[in-house]
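Here chain A shows up in two complexes: once beside chain B, once beside chain C.
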Partner chain A sequence: MAAVAVHQFAPCITCHAWSPDRSMVAFCPNNSEVHIYKLSEDKWEQAHILQKHDQIVSGIDWSSRANRIVTVSHDRNSYVWNYEGSEWVPTLVILRLNRAALCVQWSPQENKFAVGSGAKTVCICYYEQENNWWVSKLIRKRHNSSVTSVAWHPNNILLATTSTDGKCRVFSTFIKGVDTRDSKAGSSSDSKFGEQILQLDLSFSWAFGVNWSPSGNTLAYVGHSSTIYFVDDVGPSPLAQNVAFRDLPLRDVLFISEKVVIGVGFDCNPMVFAADESGMWYELCQIPWGEEDVINWSQVWFAVF
Partner chain B sequence: MANSLRLYLTCIRNTLEAAMCLQNFPCQEVERHNKPEVELKTSPELLLKPILICRNEAEKCLIETSINSLRISLKVKQADELENILTKKFLRFLSMRAEAFQVLRRKPVQGYDLSFLITNYHCEEMQKHKLIDFIVQFMEASFHPLHLVLWSVVNYFKYYAFLWTY
Partner chain C sequence: MMAATVDFVEADNAEAIISRIEHKSRKIESLLKQSRPVEALKTALEGSPPNTRDERCKSANWIVVHRAIMAIKDLDALFSSLDPEYYDILMKYLYRGLSTGDRPTCDQCLRIHERLTERAGLGCILRSLADTMNTV
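Let's look at the complex of A and B:
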C-alpha cells in the first residue's frame, strides 16, 4: 500500500477539508488564510484565498449538501462561507467564546455545527431563519480543560468530545425548533440540550481525535499515551477496549467502514486498526508514507474509495 | 567511560523522541495568547511528568514536556573550582548568543548549567529528528572543549611550575 498521490501545498498545513465531489481541497497553510485548490487535469491550481481571520485557522469543514465552508480560528471567531457567483462570501458567527476555537464539524444533516474551544466549552451553532444569522448555544461547566476534538453521531443529536483532561464525553445537543423528536430514537431524543450522556475516563493522558463508526454503534478516540480506545454500544453499559502500540501517539482517527479505522499521528505512517468477528480490535498494519516527516499531526485525509 | 557517555546520550535521545510530540496550542488562561506551557505552568493538566536522567551524581539532564513546548536542562560535571569557572564562562558565552541558536534558553533553569526550550514552532520550521541530533551532538561536543581547555590550562601551569623550580 503506498500513497496514491503526494502534493506539497505548503511547508505546514494546520487543517483541511475536501469538497463534496473531492475535486477541491481547502486548507490553512499555518497562517490566518484559507487556500482552496482545485484539481484540473492532474494538477492542483489555486482557486481562492479566504482572508477574514486574524489568527491561525484551526478548523475547517466543508458541508457536502449545501456547499458551505465553516472555519474557526484562534481569534475566537467563526465564519460560514457561502459560494455566491464566483466568490466565497463570509458570514460571521457570534460564538460567544472568550478563548481560541480549536475544532469544528458540521452535523450529518448540516443544520448545525459544533465548535470545541480552549474556553473549556463546546458551541453548537444553528441557523435562525427569522433573523438570518447563525446563533450559538454553549455547553459549559462540563469540561475541565480545552476541547480538542468533536464528532457528531449519525442521528444528528449526540455529540462526542475529547479534551486535554483525558476524558471523552458524549452530549445531547437537542435544540427545539431545529431537531425533531423521533419516536423511534429512544433515549437520545428524551435528553435536554447540553445533557451529558456518557463520560469515558479511559485515558491517562490527553485525548484527541474522536470519531463515530458509520452506524453510530462504535466510538473511537486516541490518547497521548500511544493508545487508541474503542467503545461499543455507547449508552448505559458501554464496552471499552484499549489497543496500545509501540509507536509515537496518534492525533486523529477515521472510520473507513464499520470494522476498519485509520489513525494518523506523530509517527509519519498512518496506522490501520481492524476488528475481527468477535469484535476485538487490533492493529492491522502501517501504511508506509516515505521519508518525509510532513505529517506532524494532520487530520485524517478522507480517502476517495 | 566513553561507554557510559554513549548510554547516557542514547537514553536522552530516546526520551526526546517520545517527548518531542508538540503541537500548536493556544493559551487557556489568556485570550489570543500562545505561550510555551512548560514555562508558564498555569494549567497542570497540560504538563507531563518531568524525567531526570542521571549519568552520575554530578551529570544529569532534566526533560520537562508540555503540550506545546519542551525544556531540556543539563548539568555538566565540574570536578574542581577551575572546571567550575571554565564551565560557567563557556556556557555563559553560549547563552548570551541564544538568539543564534534559536532553541537555547537565555538563562538556565535553577540548579542546572544550560537549558534548551523547544516549541511547536521550532518543530514546524525544522525537522524533529534533526533537532534531536543537534541536541545530542551539542551535548557530546560540549563535553570535549571543556576538558581540552582544562588540560591545556593544567599543562600550562605544570610547565611553568617546572620552569620555576629548576
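Let's look at the complex of A and C:
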C-alpha cells in the first residue's frame, strides 16, 4: 500500500481538519494562524487564512453538517468560525482555562464540543440560544495531569479522555436543555454532568489518542510505552487487551471500521490493527509512507481512501 | 508482540519473595552446572517482582538475573529459544546492568542489548523506559 497523494503544505503542521466533502483542508502551520486550502483540478490552492489566535493552534475540528470550524489554541481561547458570505467569521468562546487548550472535537450531533487542556480540565461547550453565545462547562475533577485527547461516543453524551497521568476516563456530559434523557432506565443519560463512568488504568505511561469504534462498543487508546489498548464492551465489566508492538509509540488512532484501527505516531509509517473473529486484536501491517512523523490520523485517511 | 488480558497480581510480603528468589538461585546454579544458560536466564526472569516497592527484593532478584546474564555465551542460542514474552523484562534488566558501570557487566549487557533490539524493536526499549511503575 503506498501513498495516494503527497503534498507539502508547510514545514510543520500541528493539527488539521477536513471539510465535510473533503475538498478542503484546514490546518495550522505551527503558528497562530489556520490556513484553509481548497483542492481544484488536482492542485491545492490557499483559500482562506483565519487569524485570531495569539499562540499556536493546537486543535481544529470541522463539523460535517453545520459546516462550522472550531479552533483551540495555547492562548487558552477557542473560536467557532461560521462561513458567512465568502468569509469565515469568528465567535470567541470563553473557556475559562488558565492553561493551554490541547485538543478539540465536535460532538456527533454538533451541538457541543469538548476541549482538553493543560489545566487538567475538560471544557464542554454548548450554544445558548437566548444569549447567542457558546457557554463552557468544566469537568474539573479526576484528571491528575494534562488532557491530551478527547473522543465523543456516538450517543453524544459519553466522552472519553486520555491524559498524561496515564489513564483513560469516560465521563458523562449530559446537559439539561441540550441533551434529552433516554427513556430507558440505567442508560448513560441517567448520569449527571461530569460524572466519571469508567477509569482505565492499563497504561503506566502517558496516554494519547483515544477513539471509539463506530458503534461505540469498543474504545482504543495508545500509551507512550509503544502499546495500544483496546477495550471491548465499555461499561461495568469491560474486556481490555494490550497490544505491544516493535516500533516507536503512537500518538493517535482512528477506527476505520468496527474491527480495523489505524495508528500513527513517531514511527514514520502508520500501523494497521485488526480484530479477528474471536475478538483478539493484533498488528496487521504497516503502511509505507515517508520521512516525516505522522501525528494525526487524517493525513493517513486521505491515503487509504 | 504480545496481546494479554490485564491481570494485576497482589504482591506478597518481602520475606516470601526473598525466599522464593533464594530457591530460584539454587535452581539456576544447578542449570548453569548442566551448561543450560538459556534455561537459567528464563528461570531468573520468571516471577520477577515488579509489583513490590521493596528495594531488597529488587536487588535480590537482580543478583540472580545478573548471574544468569553473565553466564550467556552463545547469543544465537539465546534468541532462538527465548520466548518473546521475556523480551520486555530482559530489556529492563539490561538497562539495570548498564547502569552499574561495571565493565564486564556493561560489555555483556550491550552485546545482548544489540541483539534484543534487533529482535524486539525500539518498542521494547520504550516500554522499559516509559514504565516508571514496574521497575526492576
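Definition applied: the second predicted complex is superposed on the first by the 287 of 305 C-alpha atoms of A that agree within 3 Å, B and C clash if a C-alpha of one lies under 4 Å from a C-alpha of the other, contacts with A are read in each partner's own complex, and residues count from 1 in each chain.
By definition in this document, contacts are C-beta pairs under 8 Å (C-beta built on N, C-alpha and C of every residue); 3 or more make two chains touch, one makes a residue touch a chain.
These numbers come from a predicted model, not from an experiment.
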item	value
Which of chain B and chain C A:164 touches, first, second, both or neither	first
Partner chain(s) touched by A:55 [first = chain B, second = chain C, both, neither]	first
Touching partner for A:223 - first (chain B), second (chain C), both, neither	second
Chain B versus chain C as contact partner of A:33, first or second or both or neither	neither
First, second, both or neither for A:232, with chain B first and chain C second	neither
Partner chain(s) touched by A:205 [first = chain B, second = chain C, both, neither]	both
Partner chain in contact with A:244 - chain B first, chain C second, else both or neither	second
More chain A residues in contact [chain B versus chain C]	B
Partner chain in contact with A:283 - chain B first, chain C second, else both or neither	second
Which of chain B and chain C A:110 touches, first, second, both or neither	neither
Common interface residues of chain A - those touching chain B in one complex and chain C in the other	205-206, 224, 248-249
Complex contacts: residues of chain B adjacent to chain A	17-18, 21, 23-28, 31-32, 34, 43, 45-46, 48, 67, 123-125, 127-129
Of chain C, residues touching chain A in the complex	1-6, 88, 120-124, 126-127, 130-134
Contact footprint of chain C on chain A as seen in their complex	202, 204-206, 223-227, 239-249, 280-283
Interfacial residue positions of chain A with respect to chain B in the complex	11-12, 14, 30, 55-56, 58, 74-76, 98-100, 102, 118-120, 144-146, 164-166, 205-206, 224, 248-249, 251, 265-266, 293, 296-297
